[in-house]
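I'd like to ask some things about the structure below.
Chain nomenclature is as follows: A, B and C, assigned in order of appearance, with residue numbering initiated at 1 for each chain independently.
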Amino acid sequence: MFEVRLVQGSVLKKVVEAIRELVTDANFDCSSTGLSLQAMDSSHVALVALLLRSDGFEHFRCDRNVSMGMNLANVSKILRTAGNDDIITLKADDDGDVLTFMFESPRLLYLEKGPILAEILQSSDFSVTYICFDLDQDRISDIEMKLMDIKSEHLGIPDAEYEAVVKMPSQEFLRICKDLSNIGDTVVISVTKEGVKFSTRGDIGNANIVCRQNTTVDKPEDSTTIQMKEPVSLTFALRYMNSFTKATSLSSSVTISMSSDLPIVVEYKIADMGYLRFYLAPKIEDDEDQA
Amino acid sequence: MFEVRLVQGSVLKKVVEAIRELVTDANFDCSSTGLSLQAMDSSHVALVALLLRSDGFEHFRCDRNVSMGMNLANVSKILRTAGNDDIITLKADDDGDVLTFMFESPRLLYLEKGPILAEILQSSDFSVTYICFDLDQDRISDIEMKLMDIKSEHLGIPDAEYEAVVKMPSQEFLRICKDLSNIGDTVVISVTKEGVKFSTRGDIGNANIVCRQNTTVDKPEDSTTIQMKEPVSLTFALRYMNSFTKATSLSSSVTISMSSDLPIVVEYKIADMGYLRFYLAPKIEDDEDQA
Amino acid sequence: MFEVRLVQGSVLKKVVEAIRELVTDANFDCSSTGLSLQAMDSSHVALVALLLRSDGFEHFRCDRNVSMGMNLANVSKILRTAGNDDIITLKADDDGDVLTFMFESPRLLYLEKGPILAEILQSSDFSVTYICFDLDQDRISDIEMKLMDIKSEHLGIPDAEYEAVVKMPSQEFLRICKDLSNIGDTVVISVTKEGVKFSTRGDIGNANIVCRQNTTVDKPEDSTTIQMKEPVSLTFALRYMNSFTKATSLSSSVTISMSSDLPIVVEYKIADMGYLRFYLAPKIEDDEDQA
């Protein structure tokens, strides 16, 4: 028996939208500790790793480990029928080849008691929220989806110490990747004590964007911080970076970890639940032309 | 002589946008009681019926009954040149083959005296509104459109007692039809005392959305009410349902009337003026596969 | 040495977006008096003339006259990487074939001291603004673009007295051109003492839009004023008029100058800096059918 209930159903919607461009089919691995996913993109260049810890769910029951293979385009279609404020429940039998999505819309209660509810949601006291919602529920959807058998190899990703770790507003990172794509195909990310530089070159010309360390802002999520052991400069395909930024809505900040001999890690934290991480190997630059 | 003046010109814009996907050419029938239209969609499966009563117009003059044939794509092009706040006047000679649209923009008065105007409009005392606008009018458009000769048969639609009548928020109905289209092609609408269930099945899986009766809301237009003599369950093509929901902006609620031996009626009321109704015959399900 | 700095960088973005549909490649001519551009559209029917006076820049240095050839699609790509609130600096060596764009984002200062800044910007005291921004700068982009050699003939445009000059809200003009394009291909603009009439005819029918003189409005930019020596009526291709209205965001009003023997001038003023003007020869109507 597998049954989990997520009050902030929008998290699941955002996760699937964030990865479905990179990954076609994937196994969602469920155990008592939570829900996780690991998948390579179709060209086997980038790796996606998701963790949603069980304690982030209002209710989480997973009697035995199970791996549920899904086509992400189909999951996306189904989740698009859920509202952003919907509570999402996922259910499956142990031997089942069917996953049931249940969406509950707390629409009317919201209209009447919005401010109180907002406060309750903030307090994260989900069991109270649950009772409130359930009394006034007036729209419930349930959708059954057939599961797939997907062969997949689980890669062990060793914990590593990175030479440079940059934390910056996720919107800023999104805009830089998008802006540079107007000029070139690859980005050189260079970290020094002063800041992080994103560079590209193309037929039109060359572009450099420098973000300085900045911690004197009112809100921590607006800050740009750099932890650095030694300067690093690596080159990546902008196409993948742009795919990674589909996760921007999951978190107001993004953490970029780099070492000269390791894939870059672009991480979006999922509040109180876990993370969505993207790994990408740097391009090796034989000559100038490749940049 | 035919001349009618509609202060809330946006109603006409919305009506034409609501039906132009279903209907290519249609006759607008004018008599002293009002403006009406009846038309089949091009595949002769759905029927559209419109009524705009004469007393909903600020001014309504129709000396003798006249049937004006129009291409709805052209009417839509013309009405798109009218602003949402424009007053619309329609004019035609008795023997004329030309209809004149006149649009008056109360733009500047709005900017200066918005709050007062809003109050006047609410009170529906149109003759006062008219005088105000006319003094400050600074933009007038008139467009002459050639009328067409369209052969059409007027079907008598008998008044019927329906086994089940569901009134629900029109936005909710719109979303359900759109959501289910992500999964399947047809919808089974089932009404019981507890609520109304919308179901579909497709390659991905099966989906059910249940809306419970709900009358304990602050605003009557947010309520879902069910009047039922006996349970009904009928199947319809989602393609048509989605077309009908183009009328959503006309009314905050929609009324769905069903009997097992009659076409479904999906009705959007037009405040103080009449209605826009869509009729669609149920699909007969010979076997499971058709659903 | 050429180096200019524009605090309201959005002006440059808007100018390029306004003309890039009409003009593919063009020379930006720089002298101590300012930055200017003159270019024919690719079909040699319309003429674009831009002036940005040096005193509208925070900093303006141009040691000797220089003509910088640019592909406007490339310039547009580069400027799209600048935010709307960015300060833009342009730099080139005297003998250089490279132009450097520098964008500074005053993002965080904005968030903290928005209201104060807004006031400073309003006062146009740019040197103060500059110091403020520079202290908190945390994102700087620089982009190098190769310049092109473009052969161009500089036309002398003689100052003329126009028979009729209409000043009207630029949004109103935009909407009229767009609306009439739904009906026909050309517009007849007729100016009389009472107002300005825009007419078209097409397969659907005929349309006339009349804007009356109106100076009794609260805001001068909402007024429609007509200065007229004698009535004028000229015909133009709507396609070009619609291109001209891409400049709408540059100014809240547009000035249209017409004489029966001269090209029409459609002018958008650029506050404190200059103007963007479009010239278009009238169509000669041999017969009714051409209209």
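The rule is short, and it goes like this: a contact is a pair of C-beta atoms (placed from the backbone, for glycine too) under 8 Å apart; a residue touches a chain by one contact, two chains touch by 3 or more.
Small disclaimer: the values here were computed from a predicted structure and weren't measured.
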item	value
Chain labels contacting chain A and also chain B	C
Rotation, 0 to 180 degrees and nearest 5, that superposes chain B on copy chain C via CA atoms	120
Chain centre separation in whole Å, for chain C relative to chain A (CA means)	42
Chain A residues counted as touching two or more neighbouring chains	none
Residues of chain B defined as touching chain C within the complex	74, 77-78, 80-81, 83, 98, 107-108, 111-112, 137-146
Touching residues (chain side chain B, partner chain A) in the complex	172, 175, 179-180, 182-183, 204-212, 214, 217-219, 222, 224
